[in-house]
Amino acid sequence: MTDWLPSLKTETPQQGFELAIMLARKGVAYTQPSAEIRKDLRPKYEADADSLTLASQVIAIHFQTVALANNHWK
Amino acid sequence: MTDWLPSLKTETPQQGFELAIMLARKGVAYTQPSAEIRKDLRPKYEADADSLTLASQVIAIHFQTVALANNHWK
Amino acid sequence: MTDWLPSLKTETPQQGFELAIMLARKGVAYTQPSAEIRKDLRPKYEADADSLTLASQVIAIHFQTVALANNHWK
Amino acid sequence: MTDWLPSLKTETPQQGFELAIMLARKGVAYTQPSAEIRKDLRPKYEADADSLTLASQVIAIHFQTVALANNHWK
Amino acid sequence: MTDWLPSLKTETPQQGFELAIMLARKGVAYTQPSAEIRKDLRPKYEADADSLTLASQVIAIHFQTVALANNHWK
Amino acid sequence: MTDWLPSLKTETPQQGFELAIMLARKGVAYTQPSAEIRKDLRPKYEADADSLTLASQVIAIHFQTVALANNHWK
(Lines give C-alpha, C1' and ligand atoms only; values in the text may rest on other atoms or scores of the structure.)
Protein backbone atom coordinates (compact mmCIF):
# COMPACT_ATOMS: atom_id res chain seq x y z
CA MET A 1 0.00 0.00 0.00
CA THR A 2 1.33 3.42 -0.88
CA ASP A 3 2.21 6.05 1.67
CA TRP A 4 -1.11 7.38 2.92
CA LEU A 5 -0.41 8.67 6.43
CA PRO A 6 2.60 10.97 6.53
CA SER A 7 1.50 12.71 9.72
CA LEU A 8 -1.31 13.06 12.28
CA LYS A 9 -0.96 16.83 12.16
CA THR A 10 -3.71 18.90 10.60
CA GLU A 11 -4.23 22.62 10.33
CA THR A 12 -7.75 22.72 11.72
CA PRO A 13 -10.02 20.57 13.93
CA GLN A 14 -12.24 19.90 10.94
CA GLN A 15 -9.36 18.54 8.92
CA GLY A 16 -8.54 16.42 11.98
CA PHE A 17 -12.07 15.06 11.96
CA GLU A 18 -11.75 14.22 8.29
CA LEU A 19 -8.45 12.48 8.98
CA ALA A 20 -10.25 10.43 11.67
CA ILE A 21 -12.79 9.40 9.04
CA MET A 22 -9.99 8.32 6.72
CA LEU A 23 -8.39 6.27 9.50
CA ALA A 24 -11.70 4.53 10.23
CA ARG A 25 -12.06 3.66 6.54
CA LYS A 26 -8.46 2.46 6.30
CA GLY A 27 -9.14 0.07 9.18
CA VAL A 28 -11.89 -1.44 7.06
CA ALA A 29 -9.82 -1.40 3.88
CA TYR A 30 -6.90 -3.26 5.43
CA THR A 31 -9.34 -5.91 6.69
CA GLN A 32 -11.28 -6.17 3.41
CA PRO A 33 -8.85 -5.10 0.66
CA SER A 34 -11.34 -5.55 -2.20
CA ALA A 35 -12.77 -2.15 -3.11
CA GLU A 36 -15.48 -3.94 -5.08
CA ILE A 37 -16.73 -5.92 -2.09
CA ARG A 38 -16.63 -2.82 0.12
CA LYS A 39 -18.71 -1.00 -2.49
CA ASP A 40 -21.24 -3.85 -2.55
CA LEU A 41 -21.63 -3.56 1.21
CA ARG A 42 -22.41 0.14 1.18
CA PRO A 43 -26.16 0.18 0.28
CA LYS A 44 -27.21 -2.04 3.18
CA TYR A 45 -24.72 -0.43 5.48
CA GLU A 46 -25.70 3.15 4.73
CA ALA A 47 -29.38 2.49 5.32
CA ASP A 48 -28.98 0.97 8.78
CA ALA A 49 -29.00 3.38 11.69
CA ASP A 50 -26.96 1.19 14.03
CA SER A 51 -24.34 0.58 11.35
CA LEU A 52 -24.01 4.33 10.91
CA THR A 53 -23.74 4.89 14.66
CA LEU A 54 -21.07 2.19 14.87
CA ALA A 55 -19.14 3.89 12.07
CA SER A 56 -19.49 7.19 13.90
CA GLN A 57 -18.06 5.52 17.02
CA VAL A 58 -14.89 4.41 15.24
CA ILE A 59 -14.46 7.95 13.92
CA ALA A 60 -14.87 9.22 17.50
CA ILE A 61 -12.08 6.96 18.75
CA HIS A 62 -9.71 8.05 16.00
CA PHE A 63 -10.66 11.70 16.55
CA GLN A 64 -9.43 11.35 20.15
CA THR A 65 -6.06 10.26 18.81
CA VAL A 66 -5.84 12.97 16.16
CA ALA A 67 -6.97 15.70 18.56
CA LEU A 68 -4.32 14.66 21.07
CA ALA A 69 -1.66 14.60 18.35
CA ASN A 70 -2.58 18.19 17.54
CA ASN A 71 -2.68 19.28 21.17
CA HIS A 72 -6.40 19.85 20.52
CA TRP A 73 -5.47 22.72 18.15
CA LYS A 74 -4.91 25.02 21.10
CA MET B 1 -18.69 20.63 3.19
CA THR B 2 -18.57 24.10 4.70
CA ASP B 3 -16.50 25.02 7.71
CA TRP B 4 -18.38 23.55 10.68
CA LEU B 5 -15.69 22.98 13.33
CA PRO B 6 -13.57 26.06 13.89
CA SER B 7 -12.53 25.02 17.40
CA LEU B 8 -13.04 22.46 20.17
CA LYS B 9 -13.22 25.25 22.74
CA THR B 10 -16.53 26.00 24.41
CA GLU B 11 -17.45 28.38 27.20
CA THR B 12 -19.24 25.87 29.40
CA PRO B 13 -19.33 22.09 29.96
CA GLN B 14 -22.88 22.00 28.64
CA GLN B 15 -21.84 23.65 25.37
CA GLY B 16 -19.06 21.07 25.25
CA PHE B 17 -21.60 18.30 25.61
CA GLU B 18 -23.65 19.79 22.79
CA LEU B 19 -20.52 19.99 20.64
CA ALA B 20 -19.95 16.29 21.35
CA ILE B 21 -23.47 15.60 20.09
CA MET B 22 -22.74 17.54 16.92
CA LEU B 23 -19.52 15.57 16.38
CA ALA B 24 -21.39 12.27 16.79
CA ARG B 25 -23.94 13.39 14.21
CA LYS B 26 -21.26 14.61 11.82
CA GLY B 27 -19.69 11.15 11.96
CA VAL B 28 -22.99 9.77 10.72
CA ALA B 29 -23.48 12.53 8.15
CA TYR B 30 -20.07 12.00 6.55
CA THR B 31 -20.85 8.27 6.26
CA GLN B 32 -24.40 8.75 4.97
CA PRO B 33 -24.45 12.17 3.26
CA SER B 34 -28.13 12.03 2.27
CA ALA B 35 -30.15 14.05 4.77
CA GLU B 36 -33.27 12.42 3.39
CA ILE B 37 -32.09 8.88 4.13
CA ARG B 38 -30.92 9.89 7.59
CA LYS B 39 -34.37 11.37 8.24
CA ASP B 40 -36.03 8.14 7.11
CA LEU B 41 -33.92 6.19 9.60
CA ARG B 42 -34.91 8.33 12.58
CA PRO B 43 -38.33 6.82 13.53
CA LYS B 44 -37.04 3.28 13.97
CA TYR B 45 -33.84 4.50 15.49
CA GLU B 46 -35.42 6.79 18.05
CA ALA B 47 -37.75 4.10 19.32
CA ASP B 48 -35.07 1.51 20.01
CA ALA B 49 -33.45 1.62 23.44
CA ASP B 50 -30.18 0.01 22.37
CA SER B 51 -29.86 2.36 19.39
CA LEU B 52 -30.25 5.28 21.76
CA THR B 53 -27.69 3.88 24.19
CA LEU B 54 -25.28 3.35 21.32
CA ALA B 55 -25.80 6.96 20.22
CA SER B 56 -25.19 8.07 23.80
CA GLN B 57 -21.96 6.09 23.80
CA VAL B 58 -20.58 7.92 20.76
CA ILE B 59 -21.45 11.22 22.44
CA ALA B 60 -19.59 10.04 25.55
CA ILE B 61 -16.44 9.32 23.53
CA HIS B 62 -16.53 12.73 21.87
CA PHE B 63 -17.25 14.41 25.20
CA GLN B 64 -13.97 12.96 26.51
CA THR B 65 -12.17 14.69 23.66
CA VAL B 66 -13.98 18.01 24.04
CA ALA B 67 -13.57 18.02 27.84
CA LEU B 68 -9.83 17.41 27.49
CA ALA B 69 -9.55 20.17 24.88
CA ASN B 70 -11.12 22.53 27.40
CA ASN B 71 -8.98 21.35 30.29
CA HIS B 72 -12.27 20.11 31.77
CA TRP B 73 -13.38 23.76 32.16
CA LYS B 74 -11.26 24.11 35.27
CA MET C 1 -32.82 23.11 27.27
CA THR C 2 -32.13 24.74 30.62
CA ASP C 3 -28.71 24.88 32.19
CA TRP C 4 -28.06 21.38 33.51
CA LEU C 5 -24.26 21.03 33.55
CA PRO C 6 -22.61 23.94 35.31
CA SER C 7 -19.46 21.98 36.14
CA LEU C 8 -17.80 18.57 36.02
CA LYS C 9 -16.56 19.02 39.59
CA THR C 10 -18.07 16.93 42.35
CA GLU C 11 -17.21 16.62 46.01
CA THR C 12 -16.90 12.84 46.11
CA PRO C 13 -16.23 9.96 43.70
CA GLN C 14 -19.77 8.71 44.25
CA GLN C 15 -21.24 12.05 43.20
CA GLY C 16 -18.95 11.84 40.18
CA PHE C 17 -20.37 8.44 39.34
CA GLU C 18 -23.89 9.82 39.62
CA LEU C 19 -22.92 12.71 37.35
CA ALA C 20 -21.66 10.14 34.83
CA ILE C 21 -25.08 8.47 34.96
CA MET C 22 -26.76 11.80 34.29
CA LEU C 23 -24.47 12.43 31.32
CA ALA C 24 -25.29 9.01 29.87
CA ARG C 25 -29.00 9.75 30.20
CA LYS C 26 -28.62 13.21 28.70
CA GLY C 27 -27.00 11.64 25.67
CA VAL C 28 -30.15 9.60 25.22
CA ALA C 29 -32.47 12.53 25.97
CA TYR C 30 -30.86 14.79 23.37
CA THR C 31 -31.27 12.02 20.79
CA GLN C 32 -34.83 11.13 21.78
CA PRO C 33 -36.31 14.31 23.33
CA SER C 34 -39.72 12.78 24.07
CA ALA C 35 -39.84 11.79 27.75
CA GLU C 36 -42.94 9.75 26.98
CA ILE C 37 -41.23 7.60 24.36
CA ARG C 38 -38.20 7.12 26.59
CA LYS C 39 -40.53 5.98 29.37
CA ASP C 40 -42.21 3.50 27.02
CA LEU C 41 -38.81 2.00 26.20
CA ARG C 42 -37.86 1.39 29.81
CA PRO C 43 -39.68 -1.92 30.58
CA LYS C 44 -38.07 -3.84 27.74
CA TYR C 45 -34.78 -2.12 28.26
CA GLU C 46 -34.56 -2.73 31.98
CA ALA C 47 -35.24 -6.43 31.64
CA ASP C 48 -32.51 -7.13 29.11
CA ALA C 49 -29.09 -7.97 30.51
CA ASP C 50 -27.14 -6.79 27.48
CA SER C 51 -29.05 -3.50 27.38
CA LEU C 52 -28.11 -2.95 31.01
CA THR C 53 -24.47 -3.80 30.38
CA LEU C 54 -24.43 -1.40 27.42
CA ALA C 55 -25.88 1.33 29.63
CA SER C 56 -23.24 0.55 32.24
CA GLN C 57 -20.58 0.92 29.55
CA VAL C 58 -21.68 4.44 28.65
CA ILE C 59 -21.59 5.36 32.33
CA ALA C 60 -18.06 3.95 32.50
CA ILE C 61 -16.90 6.15 29.63
CA HIS C 62 -18.39 9.27 31.21
CA PHE C 63 -16.95 8.31 34.59
CA GLN C 64 -13.48 8.39 33.03
CA THR C 65 -14.12 11.97 31.97
CA VAL C 66 -15.58 13.06 35.31
CA ALA C 67 -12.83 11.35 37.30
CA LEU C 68 -10.16 13.07 35.24
CA ALA C 69 -11.91 16.44 35.66
CA ASN C 70 -11.72 15.90 39.42
CA ASN C 71 -8.10 14.74 39.37
CA HIS C 72 -9.52 11.42 40.57
CA TRP C 73 -10.47 13.10 43.90
CA LYS C 74 -6.90 12.80 45.10
CA MET D 1 -28.27 4.95 48.08
CA THR D 2 -25.77 4.69 50.91
CA ASP D 3 -22.18 5.76 50.59
CA TRP D 4 -20.50 3.06 48.54
CA LEU D 5 -17.55 4.80 46.85
CA PRO D 6 -15.45 6.73 49.34
CA SER D 7 -12.34 6.65 47.15
CA LEU D 8 -10.80 5.27 43.97
CA LYS D 9 -7.63 4.40 45.84
CA THR D 10 -6.77 0.76 46.46
CA GLU D 11 -3.74 -0.87 47.98
CA THR D 12 -3.06 -3.31 45.15
CA PRO D 13 -3.81 -3.68 41.43
CA GLN D 14 -6.01 -6.66 42.20
CA GLN D 15 -8.14 -4.65 44.60
CA GLY D 16 -8.34 -2.04 41.87
CA PHE D 17 -9.61 -4.65 39.45
CA GLU D 18 -12.23 -5.72 41.97
CA LEU D 19 -13.25 -2.09 42.41
CA ALA D 20 -13.67 -1.87 38.64
CA ILE D 21 -15.99 -4.86 38.80
CA MET D 22 -18.03 -3.14 41.49
CA LEU D 23 -18.28 0.02 39.40
CA ALA D 24 -19.50 -1.98 36.39
CA ARG D 25 -22.17 -3.61 38.55
CA LYS D 26 -23.18 -0.29 40.09
CA GLY D 27 -23.76 1.06 36.60
CA VAL D 28 -26.24 -1.75 36.07
CA ALA D 29 -27.80 -1.37 39.53
CA TYR D 30 -28.48 2.33 39.07
CA THR D 31 -30.18 1.58 35.74
CA GLN D 32 -32.16 -1.41 37.04
CA PRO D 33 -32.59 -0.84 40.80
CA SER D 34 -34.55 -4.05 41.42
CA ALA D 35 -32.17 -6.67 42.83
CA GLU D 36 -34.80 -9.28 42.10
CA ILE D 37 -34.98 -8.48 38.38
CA ARG D 38 -31.20 -8.36 38.13
CA LYS D 39 -31.06 -11.80 39.76
CA ASP D 40 -33.60 -13.14 37.27
CA LEU D 41 -31.41 -11.94 34.41
CA ARG D 42 -28.29 -13.71 35.63
CA PRO D 43 -28.85 -17.30 34.36
CA LYS D 44 -29.27 -16.29 30.72
CA TYR D 45 -26.61 -13.66 31.02
CA GLU D 46 -23.99 -15.87 32.61
CA ALA D 47 -24.36 -18.56 29.96
CA ASP D 48 -23.84 -16.31 26.97
CA ALA D 49 -20.27 -15.79 25.84
CA ASP D 50 -20.87 -12.40 24.24
CA SER D 51 -22.70 -11.13 27.31
CA LEU D 52 -19.71 -12.14 29.40
CA THR D 53 -17.27 -10.47 27.03
CA LEU D 54 -19.38 -7.31 27.09
CA ALA D 55 -19.33 -7.36 30.90
CA SER D 56 -15.56 -7.84 30.79
CA GLN D 57 -15.33 -4.81 28.51
CA VAL D 58 -17.09 -2.53 31.00
CA ILE D 59 -14.75 -3.77 33.70
CA ALA D 60 -11.81 -2.95 31.42
CA ILE D 61 -13.01 0.63 30.96
CA HIS D 62 -13.42 1.15 34.69
CA PHE D 63 -10.06 -0.49 35.36
CA GLN D 64 -8.45 2.19 33.17
CA THR D 65 -9.96 4.82 35.45
CA VAL D 66 -9.03 3.08 38.70
CA ALA D 67 -5.49 2.35 37.52
CA LEU D 68 -4.97 5.99 36.58
CA ALA D 69 -6.37 7.11 39.94
CA ASN D 70 -3.75 4.93 41.60
CA ASN D 71 -0.92 6.06 39.34
CA HIS D 72 -0.88 2.46 38.13
CA TRP D 73 0.35 1.39 41.61
CA LYS D 74 3.87 2.46 40.73
CA MET E 1 -9.62 -15.68 44.88
CA THR E 2 -5.89 -15.98 45.33
CA ASP E 3 -3.47 -13.21 44.55
CA TRP E 4 -3.24 -13.09 40.77
CA LEU E 5 -2.25 -9.50 39.96
CA PRO E 6 0.73 -8.36 41.97
CA SER E 7 1.70 -5.65 39.48
CA LEU E 8 0.93 -4.14 36.07
CA LYS E 9 4.64 -4.02 35.26
CA THR E 10 6.05 -6.34 32.65
CA GLU E 11 9.49 -6.64 31.14
CA THR E 12 8.44 -6.49 27.51
CA PRO E 13 5.51 -5.20 25.43
CA GLN E 14 4.62 -8.77 24.52
CA GLN E 15 4.36 -9.77 28.17
CA GLY E 16 2.18 -6.69 28.61
CA PHE E 17 -0.07 -7.90 25.82
CA GLU E 18 -0.33 -11.29 27.47
CA LEU E 19 -1.18 -9.60 30.77
CA ALA E 20 -3.95 -7.72 28.96
CA ILE E 21 -5.31 -11.06 27.76
CA MET E 22 -5.30 -12.37 31.32
CA LEU E 23 -7.14 -9.28 32.53
CA ALA E 24 -9.80 -9.72 29.84
CA ARG E 25 -10.28 -13.34 30.90
CA LYS E 26 -10.38 -12.43 34.57
CA GLY E 27 -13.22 -10.02 33.81
CA VAL E 28 -15.15 -12.95 32.42
CA ALA E 29 -14.14 -15.29 35.24
CA TYR E 30 -15.32 -12.92 37.95
CA THR E 31 -18.67 -12.61 36.18
CA GLN E 32 -19.04 -16.34 35.49
CA PRO E 33 -17.00 -18.13 38.20
CA SER E 34 -17.77 -21.64 36.96
CA ALA E 35 -14.81 -22.87 34.92
CA GLU E 36 -17.02 -25.65 33.63
CA ILE E 37 -19.62 -23.29 32.17
CA ARG E 38 -16.92 -21.09 30.66
CA LYS E 39 -15.43 -24.19 29.03
CA ASP E 40 -18.84 -25.16 27.62
CA LEU E 41 -19.12 -21.71 26.03
CA ARG E 42 -15.81 -21.89 24.23
CA PRO E 43 -16.67 -23.97 21.11
CA LYS E 44 -19.43 -21.63 19.95
CA TYR E 45 -17.50 -18.60 21.01
CA GLU E 46 -14.27 -19.53 19.29
CA ALA E 47 -15.98 -20.19 15.97
CA ASP E 48 -17.75 -16.84 15.73
CA ALA E 49 -15.81 -14.03 14.10
CA ASP E 50 -17.63 -11.23 15.90
CA SER E 51 -17.17 -12.91 19.27
CA LEU E 52 -13.45 -13.11 18.57
CA THR E 53 -13.30 -9.47 17.51
CA LEU E 54 -15.17 -8.47 20.66
CA ALA E 55 -12.67 -10.43 22.75
CA SER E 56 -9.85 -8.72 20.89
CA GLN E 57 -11.45 -5.37 21.73
CA VAL E 58 -11.41 -6.05 25.47
CA ILE E 59 -7.76 -7.04 25.20
CA ALA E 60 -7.09 -3.76 23.38
CA ILE E 61 -8.65 -1.73 26.18
CA HIS E 62 -6.62 -3.52 28.83
CA PHE E 63 -3.47 -3.20 26.73
CA GLN E 64 -3.92 0.58 26.84
CA THR E 65 -3.86 0.39 30.63
CA VAL E 66 -0.88 -1.97 30.83
CA ALA E 67 1.11 0.01 28.25
CA LEU E 68 0.54 3.23 30.20
CA ALA E 69 1.53 1.52 33.44
CA ASN E 70 4.82 0.57 31.79
CA ASN E 71 5.39 3.98 30.25
CA HIS E 72 4.99 2.19 26.92
CA TRP E 73 8.27 0.33 27.62
CA LYS E 74 10.25 3.36 26.55
CA MET F 1 4.53 -18.16 20.81
CA THR F 2 7.67 -16.61 19.41
CA ASP F 3 8.72 -13.06 20.08
CA TRP F 4 6.45 -10.91 17.96
CA LEU F 5 6.30 -7.55 19.75
CA PRO F 6 9.76 -6.23 20.57
CA SER F 7 8.61 -2.61 20.77
CA LEU F 8 5.69 -0.23 20.23
CA LYS F 9 7.97 2.21 18.45
CA THR F 10 7.59 2.74 14.73
CA GLU F 11 9.25 5.13 12.34
CA THR F 12 6.10 6.54 10.78
CA PRO F 13 2.40 6.93 11.67
CA GLN F 14 1.52 4.51 8.90
CA GLN F 15 3.78 1.82 10.34
CA GLY F 16 2.09 2.53 13.67
CA PHE F 17 -1.29 1.96 12.08
CA GLU F 18 -0.08 -1.32 10.64
CA LEU F 19 1.23 -2.33 14.06
CA ALA F 20 -2.24 -1.58 15.47
CA ILE F 21 -3.70 -3.94 12.88
CA MET F 22 -1.26 -6.64 13.94
CA LEU F 23 -2.19 -6.15 17.59
CA ALA F 24 -5.90 -6.47 16.76
CA ARG F 25 -5.21 -9.71 14.90
CA LYS F 26 -3.02 -11.05 17.69
CA GLY F 27 -5.91 -10.51 20.10
CA VAL F 28 -7.97 -12.80 17.92
CA ALA F 29 -5.16 -15.30 17.42
CA TYR F 30 -4.54 -15.71 21.13
CA THR F 31 -8.25 -16.36 21.64
CA GLN F 32 -8.59 -18.73 18.68
CA PRO F 33 -5.14 -20.25 18.13
CA SER F 34 -6.17 -22.40 15.15
CA ALA F 35 -5.11 -20.62 11.96
CA GLU F 36 -7.36 -22.99 10.03
CA ILE F 37 -10.50 -22.02 11.94
CA ARG F 38 -9.63 -18.33 11.65
CA LYS F 39 -9.24 -18.80 7.90
CA ASP F 40 -12.64 -20.51 7.70
CA LEU F 41 -14.23 -17.53 9.42
CA ARG F 42 -12.86 -14.97 7.00
CA PRO F 43 -15.33 -15.23 4.06
CA LYS F 44 -18.41 -14.51 6.17
CA TYR F 45 -16.55 -11.99 8.25
CA GLU F 46 -15.12 -10.02 5.35
CA ALA F 47 -18.49 -9.66 3.65
CA ASP F 48 -20.32 -8.20 6.64
CA ALA F 49 -20.18 -4.44 7.03
CA ASP F 50 -20.68 -4.43 10.78
CA SER F 51 -17.99 -7.06 11.28
CA LEU F 52 -15.60 -4.88 9.32
CA THR F 53 -16.54 -1.79 11.32
CA LEU F 54 -16.02 -3.71 14.55
CA ALA F 55 -12.58 -4.82 13.34
CA SER F 56 -11.81 -1.22 12.46
CA GLN F 57 -12.81 -0.21 15.98
CA VAL F 58 -10.31 -2.58 17.59
CA ILE F 59 -7.61 -1.20 15.31
CA ALA F 60 -8.62 2.32 16.41
CA ILE F 61 -8.19 1.43 20.08
CA HIS F 62 -4.76 -0.08 19.48
CA PHE F 63 -3.76 2.88 17.32
CA GLN F 64 -4.42 5.15 20.31
CA THR F 65 -1.91 3.10 22.30
CA VAL F 66 0.70 2.97 19.56
CA ALA F 67 0.36 6.68 18.78
CA LEU F 68 0.85 7.57 22.44
CA ALA F 69 3.87 5.26 22.66
CA ASN F 70 5.39 7.20 19.76
CA ASN F 71 4.48 10.60 21.17
CA HIS F 72 2.22 10.88 18.11
CA TRP F 73 5.37 11.01 15.90
CA LYS F 74 5.85 14.66 16.72
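Note that the chains are named A, B, C, D, E and F in the order they appear, and that numbering of residues resets to 1 at the start of each chain.
Please note the rule applied: a contact is a pair of C-beta atoms (placed from the backbone, for glycine too) under 8 Å apart; a residue touches a chain by one contact, two chains touch by 3 or more.
Keep in mind that what you see is a predicted model, and the values were worked out from it rather than measured.
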Review point. Looking at where subunit C touches subunit D, is over half of the residue numbers used by both copies, so same, or under half, so different?
Key: different
Exercise for review: Fit subunit A to subunit C on CA atoms, both being copies of the same sequence, and give the resulting rotation angle in degrees, nearest 5.
Suggested key: 120
Revision key, fill the gap. Cα centre of subunit D to Cα centre of subunit E, whole Å, reads 15
Review point. In angstrom, rounded to a whole number, how far apart do the mean CA points of subunit B and subunit F lie?
Key: 27
Revision key, fill the gap. The positions of subunit D in contact with two or more other chains are 50, 54-55, 57, 61, 64, 68
**Study point:** Chain-level touch network, classified as line, ring, star, complete or other
**Key:** ring
Check your understanding: In the complex of these two chains, what residues of subunit E are touching subunit F?
Key -> 12-14, 17-18, 21, 46-50, 52-57, 59-61, 63-64, 67-68, 72-74
Check your understanding: Once bound in the complex, which stretches of subunit A touch subunit F?
Key -> 3-8, 23-28, 30-32, 37-38, 41-42, 44-45, 50-51, 54-55, 57-58, 61-62, 64-65, 68-69
